[in-house]
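To start, the structure itself, in structure tokens.
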Amino acid sequence: MQEKIVIENVSKFYGRKQALKNVNLTIEKGMFGLLGRNGAGKTTLMKTLAALHRKQSGSIQVCGIPIEHAKEIRAITGYLPQDFSMYPSMRVEEALDYLGVLSEMERGDRRQKIEILLEKVNLTEHRNKKVRGLSGGMKRRLGIAQALLHDPKVLIVDEPTAGLDPEERIRFRNLLCEVAEERIVLLSTHIVGDIEATCEDIAIMHEGEILWQGTVEQLLGNADGKVYTATVENQQLPELKKSYMITAMLKQGKTTHVRFIADGLPDVAGASPEKPGCEDAYVYCLYQKGCKVYGGEETV
Amino acid sequence: MHIKIYLEIAKTNLRHNFLLPFAAAVGIVFLAGLLYGTTALDALETAKPLEFFLCFTGAALLTPLFLPEQEKDIRDVVLSKKVNYGIVCMIRLLYNIIAMGLLVAAFGLKLYLGECAVSWTHISGAVVTALFLGAVGLFAAGISGNVVIGFMAVILFYLANYGLKGKLGVFYLFSMSSGQLGPKWWLLFGAILLIAAGTYRQMRAG
Amino acid sequence: MLLVKEWKKIVFSLMFVLYVAVVAAMYYTQLGGDLLTPEPKPTPGMDNYGTVVKEDAAILMPAATEELLREYLNGYYVTYPFFYKEVKPKENEKARIAEILGELTGLSRKELDSFTDFQDSRYDIANDENGNPVYTYREAVYPEYEMQPVTYEHFRELMGEVDEILGGNSSYAPKTLVNRFSRVPKTYETALAEYQTMMQPANLGKAYTRLYCDYLGIVLAVIPVFAAAFLWMADRRAHMQALVYSRKISSVKLVCIRYFALVSAMMLPVVVTFVHMMIKVEGLYPEQSISWLPAVGLGLFWLLPYVLSVTAVAVFLSELIGPLFAIFVQCIWWFLSLEASELVGGITRWTLLLRHNRLGGEDIFAAQFANFLWNRAFYLLLSAACLLLAALVFDKKRGGAFGRRERWSVAYKNIFRNRKNKSAA
């Protein structure tokens, strides 16, 4: 069986609003990152891949299975929604067991897998806790455990790190990398750092369209030579914001240290070129494609 | 294999999602015993507690059928699993209808022991009435995605039966109490339709 | 300003739209017909002017006696404490009722108990020629008797005694005796006098207001619980609780503001339909002058306590236990009071629902006005109490109490630990 997801010319409307515009994407085994702002259409695309939403046109094949065969698709995909939530009155182990039943797993198989996964996501000592008593991070870990329970070929995780503390975020990312060795993991996020740390292949979505697809290195290469830093007087800032895309700034008394993107040589005294980070490259990509980008305090 | 899976689903659901609605339904049956006379009723009077009050057991048991997945995030997780969510709903529906039938039958037995003129027509009519009222709530809850609205629909439909009577035609709930005895085929048919439509909507609601 | 914000949140919700639709539907389906034609003036020589309650011993005594005989032979008595209740008297009580019946009918206890042919009027199930079940009616069969000569005063005493034996609120209670058993056909003169009373400027608006309140009350005594439970729990649904809890505003203030936003929003369609009705009424009686003030006053004092108390109870129970519990309790309460209230002339001090299902009937309503005032004042007080309790619970929750079941169990365990320590010491 071919281990890839092939998306061809997929469109979807909510009423009059077009949520997906002619999306074409091929996702291979390993970790794939979907990057974009809130509301870019990432969640819609992921739900469509998990056979929760129906597309209106185009075709999707997950490991060779057309998306219309919902039952077969659901048998090979694990899905972790953006705000994972489970029956609050159930205990952790019970919730996993029930979801295992819903995946048509045999009792012995469930027992074994739950044991392994609880260990993997560090919830073994909380196995008898009620779901309503879990912290945000624990809940998210329960979420990933349930998505992996039936050993899916495809794992779809929507904004998995939002709301986690830095330590938990790192642990979570590592866990995802680990499981991506044997399967396709599709990860959506609006936090650039997540992608940088985990994915090799990425796609950038904007207003329902795939704006760009490639490797992280290609994205960085794209922005090479476009990123500068400078220290400017505070009163110069408004002027600077008008002309360039500012990706970071640090106030130091009367002056401010800024990091910005410029297509040619910038007309700023003391500007020095910098190696682009993922965040810079992402913003540059949006800018290059003609999207409205907000600079200054508002980071993307 | 499938039967085993379905039994497992039923077991977990019975443990987590059945006891409170069932307690409410039992409360309704007890209240019916307190509110209405249950001795030496004639055939017409016997229909009254069965239609006017026991119908609420249907509302208590069926209307909150989708309550566990009312939160969208939970529903998404359940919908992404291999077993069709519709089957989970049908399993819940099945044991709730059995519970409803048993409760109505228990009340029927009390009437019988109280030497009331209770008949099978009464009991089956009462079960169908309860089923339909519950289905109205289930449908409204499925459409709106909120069980509170489901219960509201139950009360409104009940009120409509009070105020509009004949205008509801074949869907009039209290037909046995107003002198029309006989199987309530239309209510049964309507209930099945409402349950199917409500469940379909619930399964589609992304 | 918070009030306006909360108000907007409510008014633009789906729940509120549904609520408005329900109020409008009730108004339209129930009062629509009454507002099409003016109340006809009685003319001489009509067959029927309806019945009127008139204290007449010659009618009352035989009717009440027959009912008592029927209930005695049935073996149970129907009373209405808050709802329908069957009372089965004990042996000595039964003997006393038989004695009273003997005094009234001349039948001895032996004669009464040995009358085995007794048959209450009843419906039986039989099958028609196609085998379909149908009801068949059978007439009642009573023993023959003659009313014994007793004075009306003594009769009333006897009935009072029966009522006491049955635990009160039976058909024989002094306050219901006349109403229940002494109805006479209205004469042309009384019908005309009633019509003229109704047509006075101060009364005409009130007459329609009573009918309006009668119908609207049925929905206002239950529907607010849905709207309140739904909207009150919006925070929890939106996972906003912690955010709201952490704000500076005092619990009492927040709860009160939200409560008044709910109540005022829910009164809105009531006010609109009421004004619409009054304008229609003015159109129906173009020659009559109608004073609005007494009508508006009556309507507000009648309906506002419904919305206030149902909302307050809903908010309190939703906060304490949960919205579905609040709905369950309110629906049962509503049903009980719906069953317990008489359509006309049954206004009591305690039942939630006040009915006056008739246009006119000024005298009947006036006779119960004291009960009416008492009842509405009671529900106003109940609202205030529940609102206060809701604020208290909200404040406790904000401080972390009632949070999780675990907390309860911890508290429980601690109680026992203390006890053990004490007993050890």
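By written order: A, B and C. Residues from 1 in each chain.
By definition in this document, contacts are C-beta pairs under 8 Å (C-beta built on N, C-alpha and C of every residue); 3 or more make two chains touch, one makes a residue touch a chain.
These figures come from a predicted structure and were not determined experimentally.
Colleague: Can you name the chain that lies farthest from subunit B, using the mean of each chain's Cα atoms as its centre?
Modeller: Greatest centre separation from subunit B goes to chain A.
Colleague: Going by the contact definition up top, give me the pair of chains with the most C-beta pairs touching.
Modeller: Highest contact count among chain pairs: B-C.
Colleague: Could you tell me the distance, in whole angstrom, between the mean C-alpha positions of subunit A and subunit C?
Modeller: Going by mean C-alpha positions, subunit A sits 58 Å from subunit C.
Colleague: With chain centres taken as the means of their Cα atoms, state the distance from subunit B to subunit C in Å.
Modeller: The computed centroid separation for subunit B versus subunit C comes out at 26 Å.
Colleague: Rounded to the nearest whole Å, what is the centre-to-centre distance of subunit A and subunit B, using the mean of the C-alpha atoms as each centre?
Modeller: Roughly 44 Å separates the two chain centres.
Colleague: Which positions in subunit B are in touch with at least two other chains?
Modeller: 71
Colleague: For subunit C, what residues touch not just one other chain but two or more?
Modeller: Nothing qualifies.
Colleague: Inside the complex, what are the residues of subunit A that reach subunit B?
Modeller: Where subunit A meets subunit B, its residues are 47, 50-53, 71, 74-75, 77-79, 81-87, 89-90, 94, 97-99, 101-104, 107, 143, 146, 150.
Colleague: Taking the touch rule as given, give the residues of subunit B at its contact with subunit A in the complex, in rising order.
Modeller: Residue positions touching the partner: 1, 5, 8-9, 12, 16, 68, 71, 73-74, 76-84, 88, 206.
Colleague: What residues on subunit C touch subunit B, complex-wise?
Modeller: Its residues touching subunit B are 14-15, 18, 22, 26, 29-30, 74-76, 78, 83-86, 120, 122-125, 132-135, 218-219, 222-223, 226, 229-230, 237, 323-324, 327-328, 331-332, 334-336, 338-339.
Colleague: Over in the complex, which subunit B residues touch subunit C? Could you list them?
Modeller: Within the complex, subunit B contacts subunit C at residues 24, 31, 34-37, 39-40, 42-45, 53, 56, 60, 64, 71, 117, 119, 121, 144, 146-149, 151-152, 155-156, 159, 162-164, 179, 181-182.
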